[in-house]
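Order of writing sets the labels: A, B, C and D. Residues in every chain begin at 1.
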Amino acid sequence: MAERMTVREAVSAFIHDGDTVALEGFTHLIPFAAGHEVIRQGRRDLTLVRMTPDVIYDQLIGAGCATRLIFSWGGNPGVGSLHRLRDAVEHEWPHALALEEHSHAGLASAYVAGASNLPFGVLRGYAGTDLPKVNDNIRFVRCPFTGEELAAVRAVRPDVAVIHAQKADRKGNVLIWGILGVQKEAVLAARRSIVTVEEIVDDLGGWPNAALLPSWSVSAVCEAPGGAHPSYAQGYYDRDNRFYQAWDAISHGRDTFQAWLRRHVLDTADFAEYTRVLAETQGRVTT
Amino acid sequence: MTASLEYTASEMMTITAARLLRDGMSCFVGIGLPSLAANLARLTHAPDLVLIYESGPIGAKPPVLPLSIGDGNLAETAATVVSTPEMFQYWLQGGRIDVGFLGAAQIDRFGNINTTVIGDYRRPKARLPGAGGAPEIAGSARRVFLMLKQSARAFVSTLDFITTVGYLDGGDARARLGLTGAGPVAVITDLCVLEPEPPSHEMVVASVHPGVTRERISAATGWPIRFAERVRETEPPTDGELLALRDLQARTRAAHGEAS
Amino acid sequence: MAERMTVREAVSAFIHDGDTVALEGFTHLIPFAAGHEVIRQGRRDLTLVRMTPDVIYDQLIGAGCATRLIFSWGGNPGVGSLHRLRDAVEHEWPHALALEEHSHAGLASAYVAGASNLPFGVLRGYAGTDLPKVNDNIRFVRCPFTGEELAAVRAVRPDVAVIHAQKADRKGNVLIWGILGVQKEAVLAARRSIVTVEEIVDDLGGWPNAALLPSWSVSAVCEAPGGAHPSYAQGYYDRDNRFYQAWDAISHGRDTFQAWLRRHVLDTADFAEYTRVLAETQGRVTT
Amino acid sequence: MTASLEYTASEMMTITAARLLRDGMSCFVGIGLPSLAANLARLTHAPDLVLIYESGPIGAKPPVLPLSIGDGNLAETAATVVSTPEMFQYWLQGGRIDVGFLGAAQIDRFGNINTTVIGDYRRPKARLPGAGGAPEIAGSARRVFLMLKQSARAFVSTLDFITTVGYLDGGDARARLGLTGAGPVAVITDLCVLEPEPPSHEMVVASVHPGVTRERISAATGWPIRFAERVRETEPPTDGELLALRDLQARTRAAHGEAS
């Protein structure tokens, strides 16, 4: 059964230095509140996994939490580069970041294999590309029936998966809708899981065949209203595109990044205070 | 009808790309230029064009252009939204996509794409975003359209990294890989349209946009580019196409604020 | 785009002698109307595929339509044996029936592989059982990363998939809810597909992430109200458990079966007439 | 408290099986006897028992017993309903099921099951329904309970076909197969409860139902059955258990008409 906790308690209880952590989200429902708490608690040597590392991963990497990244597309969606990710890869600042890179189809298969308790996933992919040359977790297998050669990817089994969802009920059952990405697979592939939600309700409502994670498949459920900002939560609030654009300037220089991080994350007690501080600073930041 | 309105090279590129999409096709759309062209097609000659985004929406009809690959207006207007694994396994790999529509950072003469690194992989001059959905979109979609601005920095003789396969080193190299799709059948730029020339599958200029010289195209290409035996002149944009495109972009700017 | 047709037109256009046909349905939404039409049109030498062959497959087999069956559990749910299936296997009546049998997990993986255009599926299964000894489409593969041995099943790629769903809209988009079984995978694994529906509506309604088959993924959509009887359609009508029980007696003898089939299927023009005849006979049949 | 009410051997079997299920467990339920016992547990001591049926329902709370594995009342009362492939891949194979609860046509002394054929596979005396979900339920659930009436025809020395693996030929044979679950930890019959005895994992009588003699158990077993060193007597049903069971069966009969 999922334990009801604060984000601080959940991060402290379930995410340890050296863990492999997947904070998933495909543009939608990105767990910023939990990501900030990982930075606040000063986690180190994390292997971060994510199909689409974006601004929260840029923040975690720039803050020095990660030494390895498993991913398939790393950018600031609709804006450009992740400057902290690039600085780590190109100049080892704040330190070196090892990359294990896939295609979306490959990493999605690796999550599915993990959720299915299989050691590998099979796909039609990677043939002819240079990706297998730089990623030893991409290999090839032969079909035992047709002899055809297909790509194989090693299953992803994170120590912890962290996702943000719209709702949980008081028992800890979680309901997600809209763009689902690989969030469900990430939770089912992981040993432990933290789900932050917009609200905790008496009755989930829902509909037939809804994307639901039963309480007993989740470790912790944390109420974190607005916890996906600047990403969005369908049915609750829209994507803050201005923030994503502002991030390009904030993150471009190490000093501006560090000042922003101190002011908004390190010097704030929690996501509620972050939101207050951001409201004060955002006017200036985005113009 | 030709245009009485002035138009830019970017508008020419977008409208030319949009025209390649037929009504009713299922189109797996990359973010940015392909999404712009595909939505223009949907708003003009192809109202039943099925837009599919890797984040999960099938049949999206966004009122304005999405800024990201997973904007809310994609999910809210889609016929349904599937998980990302289902999208790649059942819909793309399953062989149900007519057109894969991609952008690129760098391409070579055989339509191979680099979106991974500039320079050495281990010590890159510039780290690019990486593969995303492109390798399997280019592998499994029945055909692929590529769209990018033409320049000697983007159209290179040798890629630093092959992220996504076009025709590899030409001839039947792609066929030998066992990829199920036909590969890139057109590269649409701000100057011209390139098409693979059998049997080598080298990309040659098939259609030149109005007012563009061959010299300019050659100068904007990092390899000695060749021209097809019979090069067409691209039809200029109609006023209808231009107005639809500008209206879409204006509505998008308004929706995203100073965003776009 | 799905063509709008009658069940008779669709069966005649898309199902041919010798085809591999999957009429899927996991207790719910079993396509009886389409199955009866296959019998009426006298199809022969079919390879039938289904995880849970039940009464409609008993009827198809007893009617002599099938020479091969790919399945994972064959019975009359909650009642007992399928007597026509057993008569074919045990006494080759009306003729021999070749069996290719799987476990549910194995056949589900084979459908998923088919829908994914992969030549095989991988699962943790079959180890130690006698099933691989009698089914050459079950083999074993080694993980290229861990060296572990796992089961592999050959992909199922039917010529035609036939399913029953609740609703389609006028464009031919199909909405299904409740127990989904492998219906979606069967349609996506097949070269052609026929979907019979309870009703065709202007607006599907639906909800986020609904199980929907776009018109362009289906060959034919046919209006067939009640077309799942004696199975059920959630939101429309319940399972006719009495019929399933009555079937035990009807199907037990070859004569009673043939008489029933003539009266209810061969001598009726379509499912509407079948329903009328059944209403007359059912009183007697079930007591 | 012991029963003041009379009870049948079947009731004893069902109630004994129901008692093995703990509240909050996730239980992958076969149709028939296992479904009866699991629902009885849910209606008595284990209100938060999570019932999972292979047709897709997770957390079903059927008001009456389903006649089939996919009855509407399972879907309507479930927390959600997933596709059958997802059920087997993510939930069962994924290792999230505490208990697999199965019936059987034939079992042997090592808890292996035959539900495929009686006689030769190619020329069977009797064709049985086949494997269904059992092989992987027995392989991947953390532990397995088996439930069937005891008779020399069902409890055989050698199976005609191994459909589902218990401990194969005993000892560490199951472990060597690499199955992730522990296998059958109890066989509940109308006469007794059998448990695997380490290290051979042969099923031996661990608990005898009240009033049942050892001779009767031996006569109802097709191999020379052994008794544990310290055999327990099964606790008789309480009135509460009996009334709950009879009420459930009466409601079920009413709902399914002459059905059940």
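Definition applied: a contact is a pair of C-beta atoms (placed from the backbone, for glycine too) under 8 Å apart; a residue touches a chain by one contact, two chains touch by 3 or more.
Predicted model, so just to flag it, every value in this text is computed and none were measured.
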What chains, if any, are shared contacts of chain A and chain D? C
Cα centre of chain C to Cα centre of chain D, whole Å, reads 28
For chain B and chain D, let me know how many angstrom lie between their CA-based centres, rounded off. 57
Averaged-CA centre spacing for the pair chain C and chain A, given as whole angstrom: 41
Could you list the positions in chain A whose residues touch two or more of the other chains? 112, 117-118, 123-124, 148, 178, 180, 184-185, 208-211, 234
Counting only residues that touch at least 2 other chains, which ones in chain B make the list? 75, 81-82, 89, 93, 140, 180
Mind listing each pair of touching chains for me? A-B, A-C, A-D, B-C, C-D
Which positions of chain C touch chain D when the two form their complex? 26-28, 51-52, 71-75, 77-78, 81, 85-86, 89-90, 101-106, 108-109, 111-112, 123-131, 134, 148-149, 178-182, 184-185, 211, 232, 234, 238-239, 241-242, 244-245, 286
List of chain A residues in touch with chain C within their complex: 117-120, 122-124, 137, 139-141, 143-146, 148, 150, 152, 154, 177-178, 180, 207-211, 234
What part of chain D is in contact with chain C in the complex they form? 31-32, 54-57, 66-72, 74-76, 81-85, 88-89, 92-93, 116, 121, 124-127, 129-136, 139-140, 161-165, 168, 173-174, 177-180, 256-259
In the complex, the residues of chain D that touch chain A are 24, 26, 50, 58-59, 75, 79-82, 89-90, 93-96, 140, 180
With touch defined as at the start, can you tell me which chain A residues reach chain D in the complex? 1, 112, 115-118, 173, 184-185, 188, 206, 208-212, 214, 216-217
